[in-house]
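Before anything else, here is the set of structures, which you'll find just below.
The following pair of complexes shares a single chain, subunit A, combined with subunit B in the former and subunit C in the latter.
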Partner chain A sequence: MIVLRFVLLRLIQMIPALIGITIVAFLLLRVLPGDPASLLIGARGSTEEVEALRHQLGLDAPLWQQYLTFLGDMANGSFGQSITQRRPVATVVLERLPPTLVLIAYSTVLAIILTVPLAMLAAVRRNSWIDFAIKAVFVVAMSMPPFWLGVLLILLFGLKFPIFPVSGYGEGVFGHLWHLFLPAFVIALGTAALTIRSLRSSIIAVRTADFIDTARAKGLPENAVLRRHVLRNSLISTISVLSVHTSWIIGGTVVIEAVFALPGVGDLLVTSIFTRDYPVVQGLTVTFAALVMLISLITDVAYAAVDPRIRLE
Partner chain B sequence: MTTTITETPTASPRQRRLPRLNPPLTAGLAMLVILLAAVLLGPLFSPYDPLKVDFAEALRPPGAVHWFGTDNLGRDVLTRVLAAGLVDLQIATVCVVLPFLIGSTVGAVAGYFGGLTDRILMRIVDILWAFPFYVLVIAIVGTLGPSTGNMYLAFTLVVWISFARIVRGEVLSVRQSEYVMAARLLGYSHLRIILRHVLPNAITPAIVYAMADVVLTILAVTALSFLGLGVQPPTPEWGVMIADGRNFIFDAWWISTFPGFAIIYTGIAFTLLGDGLDDLLRPKG
Partner chain C sequence: MRTNPLRAVAFALLAAASLSVANAPAAAETFRLGVKTDALSLDPIATSDNASIWAQLLIYDQLVRPTEDGTELMPGLAESWEQSADGKSYTFHLREAKFSNGDPVTAEDVVFSLERAASESSNWSGFFRPIVAVEAVDDRTVTVKLDEPFTPLINNLAMFSAAVLPADLVESQGNAFFENPIGSGPFVLEEWQRGGKMVLAANPHYWQEGKPYVDGAELVVVGEDNSRVLQLRSGNLDAIIGVPFNQVNSLGADPNIDAGVANVFRIELVQLNTTKEPFGDERVRQALNYAVDREGIVQGILFGNGKPAVSSLPVMAYHNEELEPYPHDPAKAQALLAEAGLGDGFSTTMLVPSGDATYQQVASAIQANLAEVGVQVRLQLIESGAQWDTTKSGDYEMSLSYATSDTIDPDQLIGFTAVNPERANAYHTEWRSERLNELYEQERRTPNGPERGAMFKEMEQIVHDGAPFIFLYNMGAPYASRSNVEGFAILPTSNWRLENVKLQ
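For the complex of A and B:
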């Protein structure tokens, strides 16, 4: 019940931010120099053609009127009409959403699988060569361009070891997990580079806490102390690191989808930019921002679930 | 709190050995100097032109003549990687310095004056914060058309919020300090107080963050160019080179591989520099 109330309250609090988001997404295409209509027609179009298109796209109306039209399109659930596909933007975007959502969830799970054992190892063997090696690997991972790693993995798995497919989304749950493994791994590596650092230092801090001494004093074996008490209390800070970087992780999917030819919203964004399908770009900007807000809400709830000291209010 | 000022007892030679060695800073600086030397001087010493097409020499593997091999148009990959370094470092510098200046100014103004100014500015920051960085940059550059100038504009519009947040937080704590109060009592102008008293004590975290931001910016600039939304071919640029080599990845791995190493090297250099500056400027304990 409390959870439900919290979620509802947060959703209501999001409304002003969502309005702000629509304003930014709207202004993006209108205030910046450059005219979508003339870009769409190209250099060879006549002035009349450009004017006709401006009228068709509603770009000749006053700004406030355009914004109201935009809000109206959102309210009726269509988000406007795609120029290239001649279908409602919402339909086009919703079709492409599942691969991206699966990719985000999958890469986060992989990142946690990488983070927990490596961070524990680094913290327990603090200042040893293994701690140093883990740190070095992830400094490199943080500087590594994900799209470059993607291209190299395509070379490696496409040619040398064809275990994993290097493009597409596959069929069924296992098909998806199998096809998305490489792109999810690339994103997970970047995420893990951030989380290992924070989990390691919070494990080190928690291990010296009084309640850990208590757990040891009652004769709990060191492994159980680590698993049951240290890890659980350290994970809290890692969840907050994940939530701070949500928007970075979601943004990262855009480039990775383009590399691995995944039919997600990131790939849709890039193709819509090239085909100058502005209504879709606009709809996607709103979708991505809403996604970030939604996921940060989910992490807040997860945060409270892990840490009983935090009250949902 | 009283402090007794005593004459420092004759310091032992061990204590006098000043600047404490800062390994990350030293290593980062060394890596950066090597990088700058390579991208500035390398092309002068190279016998090849980064732009000259020579089909007779196309797709040569790395060897004694072409150390990093040649690409599909017969251009020397090493020469292009170095020439691209200059392009990427220039773009990254502008894409970090502009948001740094604007963001720090906004953060300082919001934090120093507080009240309505602060609330309005921070609302804008919060709203922009909800957009994934890549999505906003791609949308802006895509709308304006791909070019270096538009990339500067896009990064400035998107990244300033990070610096604004950091500087505002610092200014909020500095604002209450005794020396700022004293400066106010002396009747100094707000501008003078901000520039001379507040900012020097609040800017350090932003400088440290700027180093990390260079790494992120280079990744983003190369990613945009990789997607065709940034620097346009034939200009040598690391992301463009990786994209070019992608079509030949099964026959000529070297075209895409070496620019990637250059990006990683640059990233490590700035990561170390950031860690070192953090140790130097914010001594812990």
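For the complex of A and C:
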């Protein structure tokens, strides 16, 4: 019940922040040079034709009026009409959202799967060859540009050893997981490089704490001490790192989507910015903002789940 | 779908639960083309992006269409047509064609579609403005009336925006029609995964008996150039467009792949703002043209996949064969600059579209060439969406850009790049030649033939001499296909017709 109340309260608190974001998104787009109507007609039309289209699109109205129209479109759930596609923005965005969401969730899960055992190993065998090896591999992984790593993996798994598909989104749950493995892996490597280091150092710090000595003293086997006491107490800072990084990835899947030809929102965002499709960019900005807030909400709930001392209020 | 035991094992290891993978059974013969961007809309009067236009040309037909070499028009939905003696009306005789739902294509559909293309809600109405009436004489005869002779019109009727749509369906369904459009072209839209791929099936009612040869086609969106090349190499795609220039030769060396460069109606140039000094002086503009080493740029940056340009028109109908590109002659450039009182050179700024490696290389080459004759150019990167507005407002000195033609008639490009004011004040250079403006008016009223041809040749000569641009080169459109593909080609209008594609 407390969790539910907490979630509800947080959702309500998001509304003012979201409204702030709509204003910023709206104004930033209008500051950008370039005009949707002249980009749409471009070289082919006369000035009068461009003006007629601007009028038709409502772009000649005063800014405050355009903003109110946008708020109204948001309230009715359509988020307005895409200028280039002539379809509701909500439809345009929602049909491109699943691949990106699955990719983000998938890469986060992969990152966690990589992080927990490797960080524990590195911390327990601190300063051994295995610790250095893990550090070396992930420093290299983090330094490699994702698009380059992506192309390398496509070369390796698409041409030399055709084990994984190298493009597209696939059909069905399994199809998605299979098709998205390589792109999710590329993102996960970058994330894990950060989280492994964070988790490793907190494990090392926690292991020297007094309560760990107590746990050992009461006769718990080292494995149980690690899992039940050390890991739980070390996770908080890593969850923060993971949360910040995942929020950052939301806007950053663009490159990976392009390399692996995924029909996600990244490509939609880039195209819409280039064509100055204001309503779509606004819709995407609000969506991204909502996602980032959702992640921070999940993070808070996760804190409480790992550490019962943290209360949700 | 190919099954590979290794893949299955790897996947089984990854997966915790076991569900069956839904494998879509591949159609008997599907041609998979890798493209760079997805279409935005299939409404022919609402779009201006190439991806949309190219997809529409597979789904809809026009009354007439360009021949494969782009030199003349051939019958499309109209079996034949004639022009009245006064040049003020065209009569089209429709063939017995059907839409993909089996309904016949009637004169009423043509009337509806052309009126729609010329209407307020059309982004392309300007192209059909000279039309005063479209009338259905009978079920299969349409007359298009003009208030004065307008020769380019017939070419505009071959444009994607003049697509013939089923009147009753568009009227009853409105915008929803374009989600599931019906046309009389070789292909029907079967499924569209936005941003992913467009699945097309052969139109069973297509009027060209036996075509298309393939059962279906997929336009697969692979945005990243290297990925697209790799997908072709691995056999996931049958053909790709937009091959990076530096990979055309290495791809062609692969025995399983044929690579080529198509000649398209596109011209690369540097706009010179003639209202800003010293670009108002013709000698300065000519000097800049002499200073640039076109051949060097084509060889060094395009790997030979282009032709030095003579004017703001690519090589197309009525091209003036007598013109030669400005030779690379720094001495002459310096002499002309000295004559104009700029013996010590000058400094200026050039807008360069950002996000395109080729443009940035070309800009650096121009910068180096001009530095040799004492002209210091500062490069200013600009996002392509902002470039148009910046040059249109006249707030620039030089701008690296390009122009393309939607039709096979040079009227569109000459009007755009050299006539002032017309559509774009000579592509925002504000250059003006009264003689050229006059020729443009005449050309539009003169029937096709040597007389009209001579007018274009003279106009091209005037542009060449007046040099409102640094003319750069005609850039080819590189493409590649697997060697079992036959009949895939990029047309001069940059699109492709897939009804002639065969898979061996």
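In this text, the second predicted complex is superposed on the first by the 304 of 313 C-alpha atoms of A that agree within 3 Å, B and C clash if a C-alpha of one lies under 4 Å from a C-alpha of the other, contacts with A are read in each partner's own complex, and residues count from 1 in each chain.
The criterion applied here is as follows: a residue touches a chain if its C-beta (ideal position, glycine included) is under 8 Å from a C-beta of that chain, and two chains touch if they have at least 3 such contacts.
Every value quoted in this text rests on a predicted model; they were computed, and no experiment measured them.
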Return fit or clash for subunit B versus subunit C, each positioned on subunit A through the superposition.
clash
Of the partners subunit B and subunit C, which touch A:S38 in the superposed model: first, second, both, neither?
second
I'd like to know which partner A:L159 touches here: subunit B for first, subunit C for second, both or neither.
both
Does subunit B (first) or subunit C (second) touch A:A133, or do both, or does neither?
neither
Decide which partner touches more residues of subunit A, taking subunit B and subunit C as the two options.
C
Pick one for A:E171: touches subunit B only (first), subunit C only (second), both, or neither.
second
Identify the partner contact of A:T84: answer first if only subunit B is touched, second if only subunit C is, both if each is, neither if none is.
second
With the two complexes superposed on chain A, say which partner A:L8 touches: subunit B (first), subunit C (second), both, or neither.
neither
For A:G252, select first, second, both or neither according to whether it touches subunit B, subunit C, the two together, or no partner.
first
Considering only touches as defined above, state whether A:F147 meets subunit B (first), subunit C (second), both or neither.
both
Figure out whether A:F274 sits in contact with subunit B (first) or subunit C (second), or with both, or with neither.
both
Subunit C clashes with which stretch of subunit B: 145-153, 163-171, 181-189 or 199-207?
145-153
Which residues of subunit A are in contact with subunit B in one complex and with subunit C in the other?
32-34, 39, 147, 151, 154-155, 158-159, 258, 273-274
Report the residues of subunit B in contact with subunit A in the complex, numbered from low to high.
123-124, 126-136, 138-140, 142-145, 215, 219, 222-223, 226-229, 238-239, 242, 245-246, 249-250, 253, 256-257, 259-260, 263-268, 271
Residue ranges of subunit A touching subunit B (in the complex, touch as defined)
17, 20-21, 23-24, 28-29, 32-34, 36, 39, 139-140, 142-149, 151-152, 154-155, 158-159, 247-248, 250-252, 254-255, 258, 269-270, 273-274, 278, 281, 284-285, 288-289, 292-293
Residue ranges of subunit C touching subunit A (in the complex, touch as defined)
4, 6-7, 10-11, 14-15, 19-24, 37-38, 40-41, 43, 46-49, 120-121, 123-127, 175, 178-179, 193-197, 220-224, 226-228, 230-231, 233-234, 236, 383-386, 388-390, 392, 403-404, 406, 416, 423-424, 427
Which of the residues in subunit A end up touching subunit C in this complex?
32-35, 38-46, 49, 52-53, 56, 84-87, 92, 95-96, 147, 150-151, 154-155, 158-159, 161-164, 166-169, 171-175, 177-178, 181, 257-264, 267-268, 271, 273-276
